[in-house]
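Lettered A, B, C and D in written order, each chain numbered from 1.
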Amino acid sequence: MKKAFANVYIWVLMLLLYAPILLILVFSFTEAKVLGSWTGFSANLYKNLLSGEAGAALNNAIYNTVLIALVAAAVSTILGTFAAIGIHNMRHGRVRSAITFANNIPMINPDIITGISIFLLFVFLGIGRGLFCVICAHIAFCTPYVVLNVMPQLMKMNPNIYEAALDLGATPMQALRKVIIPELKSGMVSGFILAITLSVDDFAVTLFTKGSGTVETLSTYIYADARKGGLTPELRPLFSIIFIVILVLLVFYNLKTAKDTSKD
Amino acid sequence: MDKSDYIIQVEHVTKRFDGGKVVLNDVSLNIKRGEFVTLLGPSGCGKTTLLRIIAGFTQPTEGKVLLSGKDITTLPPYQRPVNTVFQRYALFPHLNVYDNVAFGLKLQKVSEDEIDKRVMSALRIVGMNEYEERNVNALSGGQQQRVAIARAIVNRPQVLLLDEPLSALDHKLRVDMQLELKQMHRDLGITFIFVTHDQEEALSMSDTIVVMNDSVIQQIGTPTDIYNEPANPFVADFIGESNILNGIMKRDFVVNFMDKDFPCVDKGFEADAPIDVVIRPEDVVMHKDPKDGQWTGRVTSCIFKGIHYEMLVQTPDGYEIQVQDYTAYPAGTEVGMSVAPENLHVMPCQSLYNAIDATVIDATHVFMLGAAFETKLHTLPKGTHVKVAVDFDKVDLLDDPADGTAEGQIRNILYKGNHYFIDVKCSNGANIQVDTNDVWEDWDMIGISIKPEDIRIIN
Amino acid sequence: MKKILLFSTIALFVLSNTPLATKTYAQSRDHILKVYNWADYLDLSLIDEFETWYKEQTGEDVKVRYSTFDINENMLTQIEVGHEDYDVVCPSEYIIERMLKRGLLQKIDTTDFARTHTPNWLGNVAPFVADKFQQMAPNDDDKFNLENPSLRVSDYAVGYMSGTTGFLYNTDFVEPEEVESWTALWNEKFQQKIYVKDAFRDVYSVLIQLARQDDILSGKTTRDHEASNLSDENIQAVEDILIKARPQIAGWEADFGKERMTQGKAWINLTWSGDAAWAIDEAAEVGCNLEYVVPKEGTNCWFDGWVIPIYAKNVKAASYWINFLCQSDVAIRNMDETGYVSVIGTPEVLEGMSSEEDYEDTVDASYFFGDITFPSVDEETGDTTWIDSKAAHLNHVLYPNIDVIERSILMHDTADRNEAMLEMWSHVKGNNLNWKMLTFILIVVALILLVLIDKKTRQWRKRRHRQALKLKRKNL
Amino acid sequence: MVSKILANRANWVWPYAIVLLVFVVMPLVMIVYYSFQDAEGQWSLHNFHKFFLSTDSLNTLIYSIGIAMITTILCILLGYPAAYFMSKKEYGLPKVMAALFILPMWINVLLRTLATVALFDFAHLPLGEGALIFGMVYNFLPFMVYPIYNTMLKMDGSLIEAAQDLGASPRKVFTEVFFPLSMPGVYSGIVMVFMPTISTFALAELLTMNNVKLFGTLIQENINAGLLGYGAALSLIVLILIGLTSFFDSEE
């Protein structure tokens, strides 16, 4: 009885959660201008997605998105890992707590605040905004999550292995490469993935830091398009593709983690 | 004995987990009102499961549990007048010490003043008054332990269950807590059921000890019985130090081991019955002059143990005897040794050889221990169920499970003076015993192989 | 870790090799022309053509970096505050005025034209538009004193597109007489069916004429005066009109109005003629009948023009760009693409835009093309039709009849009243706070406080209780 | 020399520390700086003065708080049971459920919002406050479910047993132990939902056709209109709100 209720509840909620997604998935296969009127099956929306002027713009947007995400994620992963190691080895005290506090700010701040604050900084410095500014901003709000992901690994790590490595004649860099990094790997990877998703998802920060219209990312492209006509037809296949990609990625990720957990 | 004296009766309880793994195998146990009972055994012997069944967290697969005569097998835990002290205390982090202890009483809708009286007295009993306002996370392990106990006893349960409550404490603290628990038991006069794997703990605290191994009860008795009259080699070995030797009961009051006859106080065995002899190290009397004493040997090591010395003595015919004495005999000295008849504990052997259930596969193979073993040519029809006899010393254990015909795991090791007597659990659940001189470790996975000529089929 | 390093190196490699990047770093700035224009406001194929044309004219390469905005102020902020180095931008008239005042503009440089034998088409702009530009309010303490005859606004700004503000409506649901007046906004029939362009200046400048129509008709005041006089009373008057219209208004559209109209989700859209023209064609395709009307109380005749900000890095190319866009054929192509009406007033445009079968009723567009009549010969049939600017077969949405122009005003810069206007706007737009919500909030806050207080008091009472019991214990 | 510095691993933090200083701390300082500047770039309280005088901005703030409250409460009411059912094995829900619940969280927020808009259009429901709240809940529910679900999973089972053992009926076990112990998850859920709701702007714009304005919208409008000072001041107010909420959070 209780079990039945629980299942019904969850499934209904699920349905609600996925209704819009399914709706769009379905109507991405018809060319109807107005979502809801079915003008017969066609994959043209998909065909035309990357062709024509709009397609070129979309291409550029996707390109920028990937570029920004990769650079930001990579940099913040390296930066964050070093930072985590540093923080971990710091004496508890003002400096440490100050840094950890500053580290939390971007996570607590709403995107719009992060975006505006960085926008104001660049205005103040009189630097024109653009790709560079966006990447900086993304690094700023991605790194804390990397730190957050690496920290637990450090906690788990036996504090002596680094010394052990040095004792066995490794230089600090070798010790880092051969001993510490392997220990932190899982944390870094999950941090990297998280950073990627955050960067790709981000909208508010990019909007305020991209400056002149040249650097469009996927989100800003969608925003611009949405302001014109809500969910314009060309967004439907885009949405569907993104959804499928994420679905696949997540499934793989879960399977992998499941395997890892079953291993140990 | 009158049934009403029993507060807890466990009747033929068997617990099988979903995986089919048997953790309790037809366990029966009667616990008298007001007793301090200890469930003692190595990890994985099923003692904790038994406790959880009594507490009601786990349902037995078969059998039932009675509380003062009433069947409570299906009663949910919150309706049982028993309380548990958990291994890792399980104090509620969102409540302070006082509220943790008052938790049970509040649920019983006891009046504020009553609650306060009882909580404070409980806290006083465990010496934690003054800490009532504290946050439980701010307490040390020992203190948390005390609070956990207070929280349990404040409800005046008929039975208090303690699941290895001291395992997380350091040695000094543990000893103190042992005494305090004993004291508490005396003061409260309620039944304690105490689970531990530490035999000293068990001996020092309990009225009754229930020794468990391999999901069955090995022996129930007072600490002295258990120590002095172990029911079987396992108990003897698990409780305290002991020399366990193979022997033969020549006739009443005469036992033969190490190829010598010794006077003893046991009788009633048929002539030349194989037996195990247990001699506690402190019962071996040492003589400066090798001539006095019943047998001789050379001291090979001598270690000071605080009050006494612990020595290993090698007999000429290759037995190694553990001895405790107040005077030190440095390594290398020749000594004589004797043991008083009443200190020779004779226990019958379960068997002289492994009697294994097997099924005939073909003229030269039988299936047993979860694998097909080659045998000498025989005439039995395929599929007949037979008993197979294998001598203890005819079983070979191999490092790599893959190398053996069958696989097994080492469960228990006894040192029999001049060789090891090893208990092996095979992949199919059957046990076989092995005599060997090789050194193994508990829980080692090993391969088992038996030469065909050593497999004797008996019907 | 290795993976990440790999990623980053790839990323950096890509970064350094992207066309985008090469644009940014490899090419020197004077081979780039940064154009900043409204969204959907240009036939984009013209960009390449300009690049080749510019090469022909000057022998220099230029790459156009084209980007778009959808809010004037947004663009201005980027230039004024962000110092973005756009070479040529296309703001609305009042922003041009403000930029002039604030000295953010530099002269269009026509000197090279003669040298490169490039015809100067800047004169193609309809004189009536040039006059409107010149009208921009003078202000003595400005850097640019516009009364100074030596200064012609047209040296700094060249018109691009123009249009009016009116009602776009769906003839299936709305009768023409229902939208003759701006008061249609108050008609309960259109509840939640009206979209209003999210542009407070245009809305103000048309609705103020509704508010003051008696005085205007009786000649007590003039449209232009009221439109540029943003007194608190006037702002209040417009606010009242809008508040009264609130129940009918389904939304404030930055750009999605036409879409919603063609989807039939809205019946009326207070919008610009250009959007209207575009939407009417779009809707026709999906069989939805839209019309555009300029209500009788009056409208605003707005202009967008090309200007060169002082932060521009490539003035020469910018000037050529502006000149390029002033050609009649280019203008026509832009009109076809965007639906807005170019300010180019040449006979070629008149000829190109008029069509008897499409528009049987005529409009008097002499104010725009001048009073001209000339024969036009059809290539195929070869028969001649007379084209008369006084009775031209033009799309009335784009080229309104002269009477519409007579009751139209020119918007002026209102920077000083900006905040007041914004405030009015958000009063009307964003003030959804109602008593239901307020009480709800209060209840929630009260509940939270109650819980907290209750918690604290309980702890406190408990503590006191215990103290008492402690005492009792001590006494025992 | 360098290696000496590197040898002390505490120093490895400095590169990031600098990044933090430049791209996190400085920008916040900027917000404060601009919020105390008027249009002429003079120090003044003009912006705050304006804020507290203009009923409009205040109303928007209060309204946004209201919407945020509704969203948060709905998220808790819907999300808590969901998390509960998923975290308890006895309901036999597949583990992948949780993942499926989180999945929409990874789709671009705008697309998710547009999807809800599409749903409303499809069902011929009017866009407006209702749509806004639905969209908000739709967007933020995963952010509520996830932390609650995690706390429930991590909860020490022996505490539940202890409660039963001390005579708590299943109902009591829930009210006296399980619920209080799950609260931390709820709190972090609130933090993850409440403030973002107040400061969203695109969602409101898309879900209500610009009809409803949230505080985020107000900020964005002012920044876009070039009123940096006022925009900064409004942002500062949001920051102060965040400070307060996190303070309450730590109180709990």
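Assorted remarks:
One rule holds for everything that comes next: contacts are C-beta pairs under 8 Å (C-beta built on N, C-alpha and C of every residue); 3 or more make two chains touch, one makes a residue touch a chain.
A quick note: this is a predicted structure, and the numbers were derived from the prediction, not measured.
Looking at chain A and chain C, the chains in contact with each of them are D. When the interfaces B-D and C-D are ranked by C-beta pairs in contact, the top one is C-D.
Distances between chain centres, each the mean of the C-alpha atoms, put B farthest from chain A. Distance between chain A and chain B, defined via averaged C-alpha coordinates, is recorded as 56 Å.
Note: centroid distance chain C to chain D, computed from Cα atoms, is 34 Å. With centres set at the average Cα position, the gap from chain A to chain D is 17 Å. For chain B, the set of residues that touch two or more other chains is empty. With touch defined as above, residues shared between interfaces to two or more other chains in chain A number as follows: 34, 123, 226-227, 230. Chain C has residues 81, 254, 256, 260 in contact with two or more other chains. Looking at which chains touch one another, you get A-C, A-D, B-C, B-D, C-D.
Contact residues of chain C toward chain A in the complex are 1, 3-5, 7-8, 10-12, 14-15, 18, 20, 24, 34, 36, 39, 44, 65, 67-70, 78, 81-86, 254-256, 258-260, 262-264, 286.
Chain D contributes residues 3, 6-17, 19-28, 30-31, 33-34, 78, 81-82, 85-86, 90-93, 96-97, 99-101, 103-104, 106-112, 114-119, 121-122, 138, 141, 191, 195-196, 198-202, 205-206, 216, 219-220, 223, 228, 231-232, 235, 238-239, 242, 246 to its touches with chain A in the complex.
Within the complex, the chain C residues that touch chain D are 71, 73-74, 76-77, 80-81, 192, 195, 198, 249-254, 256, 260, 265, 418-419, 422-423, 426-427, 429-433, 437-438, 440-441, 444. Interface residues of chain B, counted against chain D in their complex, comprise 55-57, 76-79, 82-84, 86-88, 90-94, 103-104, 107-108, 151-152, 155. Listed in rising order, the residues of chain B touching chain C in the complex are 98, 112-113, 116, 120, 132-133.
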